[in-house]
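Before anything else, here is the set of structures, which you'll find just below.
What follows is subunit A paired twice: with subunit B in the first complex and subunit C in the second.
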Partner chain A sequence: MRILRSFGLALCILAAGGVLSLVLPEYHLRLLNLSVVASIAVIGLNIAFGYVGLISLGHAAFVGLGAYIMAISTTRLGLSPWLAMPAAVAATAAFAVAIGLPLLRLKGHYLALATLGLNVSFVIVASNWLEMTGGTNGIAQIPSFSILHHAISDERSFLWLALVSLTLVVVVATLLHHSRYGRALISVRDDELAAEMTGIDTTRLKIMGFAFSAAYAAFAGCLFASHVRFISPEDFSYAHSINYLAMLIVGGEGTIVGAILGSVLLTFLPEWLRFLGNAYLALFGLLVFLVLVFLPTGIVGLRKFVRGPSRVDRSVQAAAEVRP
Partner chain B sequence: MADFFQLAINGFAIGGVYALAAIGFVIVYEATGVVNFAAGQFVMFGTFAGVAALVNAQLPWPIAYAAALFAMAAFGVLFFLLVYWPLKLSPAVTVIIGTVAISITMQNAALLVFGSWPVRIPSPLEGMTVEVGGAVVSVHALLTMAITALLVGGLWFLLHRTSFGIGMRAVAQDVQAARLMGLKVGRVLAMSWVLGALLAGAAGLLLGPMWFADVNMGDPVALKAFAATIIGGFGSLPGAVVGGIFVGLSEVLGASYISSAYKDLISFGIMIGFLFVRPQGMFGEKIQDRG
Partner chain C sequence: MTILDARNISKRYGGLAALTDVDMTVSAGEFVAIIGPNGAGKSTLLNVFTGLVVPDSGAVLLAGNDVTRHATNRRIKAGLGRTFQHGRTFPRLTVLENVMVGAAICPTLGERALRESALQIIEQMGLADIADNAIRTLSYGHRRMVELARAVACNPKVLLLDEPAAGLNSAEVAQLVKRLAHLREKHQLAVVLIEHNMGMVMRLAERIVVLNFGSKIAEGAPAEIQANPAVLSAYLGEGYAHARV
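Now for the complex of A and B:
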């Protein structure tokens, strides 16, 4: 039943995206593409934060690592993007396991600051390792994906690639959520000690969740690199990590729909506020703050006004109460 | 050797500023349990309060500094009422994202008011230098060290020798018990935000003549203050001081002796190293059940 709903959601995404791809002008298509790519990263963050409860302020570093591996292997080694992408995803996941082994012993704000430090360090290395990353000049002319010699380079066809990727990611994440493994992940967030008592290897699960989340981030990074076709360290600064977390919390943590809604909303919001000129970022911060205060369960929490609190709301609330 | 001495003084001075910023952050964390990601913007506001009073209003400097600090104290109260209070029952992550969102607002509000052009605040000791053992040292750097020491000493006195400070530490230990003892918890929490804002303001005023006043200066300061806090020990005042000076020294000495491009990586590398090996930092965290 649950699985059927996830396929329903996937179909909705494809249908909505398909309609939008026909009616939206080029510039809005570009924003839509950016928001779809961001939602893939945020669904990944949802695994680490929404399911396992790991506060990561370094998600953009994993997006960047994937993007850089993709960019370097396609421009330097001439690898096809289709080959470079799985390599980038696998390498980033392996890196997450290696860094997660010592890092994930930390909890709460220690983990938040450690991942923040990781992100800052990533940007410093990417800005200064000139031979490899081109420093702050970045890497240009990253090739697009192509199918049967047709390059997916314009916004409209990229949207289809992004939407298919998103539906794939949504289906995998939903299967994960409702699998034995997914329930174990959530039990680690809700009560680590109790989870351990039932025989769950919490350390291993946390590292697996972290690696999964990094793999999603790297996937988003590869799509970003082939979409924008130019990357520089600034694209992956810790401000982006915070933005991903804000997208997840504004949308509704612990839910896939929330991750997508939050990503779309926070990508388009600066655009809708553009008429305010220089004041728009000031108002943006204020609006995010107001959502946190008045909609603690995010936009998906609005559902309860339509038809009483759902199971998801209650589990999110219960988790919020349990967490110190 | 003279070079080294000069660099060390500069490292101590900038480290003193980081220490003040870190203490402002730690005081708030200790009392309220809030990890304030807007701490860097507090320092930036301090610098720009100085810009408004010294450069724009052309006030004489004792009045200007007093006015700037008064504005920071008022800002602390405002932040307590408008940001802390609405979020005080929210989970830790919501508070983190909330303070980040407000820090975006603060940064861009400053951009709207002061523009993106960097300004330089003159120091009352502008251009004054002394020669110590062949090294030319700016008096402002020496004064920064002295003021940092004075503020840290004053803070220690406040927290350990006055009934108000002891009340504050009681609230940090156990809010419920403090309330049962008849302490006005709300007032104590508000005062901790005021103290945090004042320390950040002092850091900002001292930093003004060393760096340019720039609306984007908050983030780098915040990152250094976080690194200082972790290295010294989360929630520890002596830790924040030692950590801040450590970060300042490693930044200045690292830039000239190791690599100027990777100077920031040194402090963050050490911070991450501490997190791996000794997450409680040099001085350890006394209160375990926070965060």
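Now for the complex of A and C:
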């Protein structure tokens, strides 16, 4: 049932995107594309944070790692983006496993701080490993994806690529959510000891969740690289990690719909409020604060004001209750 | 046949001896109760069995294998099951999903088979009506039943229960006694029960282990324990031998 509903959601995404791609002006299409790519990264973050409860402030580093592997292997090695992308995703997931082994021994604030450190280190390496990354000059002329010699380079065709990717990602995340692995991931955040007491190897599972989350991030990174076609270290600074986390929390952590809503909202909001200049940050802070206080389940929590609380809402509220 | 065998278990917390040289065995299908005053070391002993606490000395053998240094999840896969003193469920999952997490210990079950086997246990535990409810909406008694169902779903050979009747009303306790008796019969599992409710202990236990200040002060059949002067003075109280349960 719920799985069917999520497939419905996937279809809605495609339909809504299709309509938007016809009516929106170029500039808004670009924003929409950025928000779809961000959604993919945030759905990944939802696996680590929303399900397993790993507070990661380094998600942008995985997005960046994916983007750089993609950029380097297409521009330097001349690999097709279609080959570079799976390689980048696999390599990033492998890196997440390697780094997760020591990192995930840490909990809560310590883990948050360590992942923040990881993100800072990533930017330092990307800025200084000149031969490989071009330093702060970045990497330009990253090729677009192309299908049958048609380059997916304009905003309108990229939107289709992005939406198909998002749909794919939503379907995979939904299947995961309702599988034994999804339940196990959620149980680890709810009560790690009790999860271990059902025979779950919680250490291994956390690493798996972390790697899965990083794979999503890398996928988003590859799409980002082929979309903007130029990347540099500041595209992946820790500020972006914090932004991903804000997107997830504002949208509604623990839910896929929330991850998408938050990403779209927080991509468009700064553009709409551009006239505020730096004052936007203050408003942004206020917004996150208001959501945390009045909508602890994020904007997906608004649903309960529309209809009576559904079963899903109740489990979402339960999620809010256990939020540390 | 001995399934669980703990030898010379000692554990200190700073200056406090939580367990001193405790021996305990459980045979297949046997029902053993652990009693003793608060702070006697009962929960700590379960923690040593399940690997949440590594003892300072001593060994834990499960079906003849030394598991003293094994991670908790390995011991669960090898046949231990446990509930906690204060009840621990997964609040973001439904009752059915909670039990399915337990049933997933069997790696070959597909999603449908998992659901079936979880539903069967839910039925046995009298939770069928609330299978799709969120944990948040349940009474404390129901939550503890869900936790028990989840432990049973892990298909244990030995089920370790830490004060399962604490906080339940008398009707719920009566039901719990019935369910435990039924579970044993159906799944042939051994049970280790920590419990202060002596009525429940006397009705279910075949053997009783008494802990006091971290040491085992007595062990034997319920009738022997009821008449043991050391147990009477340490735990049951002088008047107990005359007051029939």
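The criterion applied here is as follows: the second predicted complex is superposed on the first by the 310 of 324 C-alpha atoms of A that agree within 3 Å, B and C clash if a C-alpha of one lies under 4 Å from a C-alpha of the other, contacts with A are read in each partner's own complex, and residues count from 1 in each chain.
The rule is simple: a contact is a pair of C-beta atoms (placed from the backbone, for glycine too) under 8 Å apart; a residue touches a chain by one contact, two chains touch by 3 or more.
Note that the coordinates shown come from a computational prediction; the quantities given were computed from them, not determined experimentally.
Asker: In the overlay, answer first, second, both or neither for which of subunit B and subunit C A:L166 touches.
Answerer: Neither partner.
Asker: Taking the superposition on A as described, I'd like to know which of subunit B and subunit C A:I124 touches: first, second, both or neither.
Answerer: The answer is first: A:I124 touches subunit B but not subunit C.
Asker: So in the superposed three-chain picture, is A:C222 touching just subunit B, just subunit C, both, or none of them (first/second/both/neither)?
Answerer: neither
Asker: Let me test your reading of the model: by the given contact rule, A:A214 touches which partner, first (subunit B), second (subunit C), both or neither?
Answerer: Touch partners of A:A214: none, neither subunit B nor subunit C.
Asker: Check the residue A:L106 against both partner chains and state whether it touches subunit B (first), subunit C (second), both, or neither.
Answerer: first
Asker: Quick one: name whichever of subunit B and subunit C touches more residues of subunit A.
Answerer: B
Asker: After the superposition on A, what does A:R183 contact: first (subunit B), second (subunit C), both or neither?
Answerer: A:R183: touches subunit C, not subunit B.
Asker: Which partner does A:D191 contact after superposing on A: first (subunit B), second (subunit C), both, neither?
Answerer: A:D191 sits against subunit C, while subunit B stays out of touch.
Asker: Considering only touches as defined above, state whether A:I200 meets subunit B (first), subunit C (second), both or neither.
Answerer: So A:I200 only meets subunit C here.
Asker: If I apply the document's touch criterion, which positions on subunit A are contacted by subunit B in one structure and by subunit C in the other?
Answerer: none
Asker: Which bits of subunit A are touching subunit B when the two form their complex?
Answerer: Subunit A residues touching subunit B: 49, 55, 57, 102-103, 105-110, 112-114, 116-118, 120-121, 124-125, 127-128, 239, 242, 245-246, 249, 253, 278-279, 281-286, 288-289, 292-293, 296, 320, 323-324.
Asker: Show me the residue ranges of subunit A that touch subunit C in the complex, using the header's touch definition.
Answerer: Touch list, subunit A to subunit C: 178-180, 183-184, 186-187, 189-191, 193-202, 254, 311, 314-315, 317-319, 321-322.
Asker: In the complex formed with subunit A, which residues of subunit C make contact?
Answerer: Checking each residue of subunit C against subunit A gives 50, 52, 71-73, 76-77, 81-82, 84, 88-94, 97-98, 100-102, 104-105, 111, 114, 132, 134-137, 147, 150-151, 153-154.
Asker: Within their complex, state which residues of subunit B touch subunit A.
Answerer: It is residues 35, 37, 83, 86-87, 90-94, 96-98, 100-109, 111-112, 219, 223, 226-227, 229-230, 234, 261-262, 264-265, 268-269, 271-272, 275-276, 279, 289-291 of subunit B that touch subunit A.
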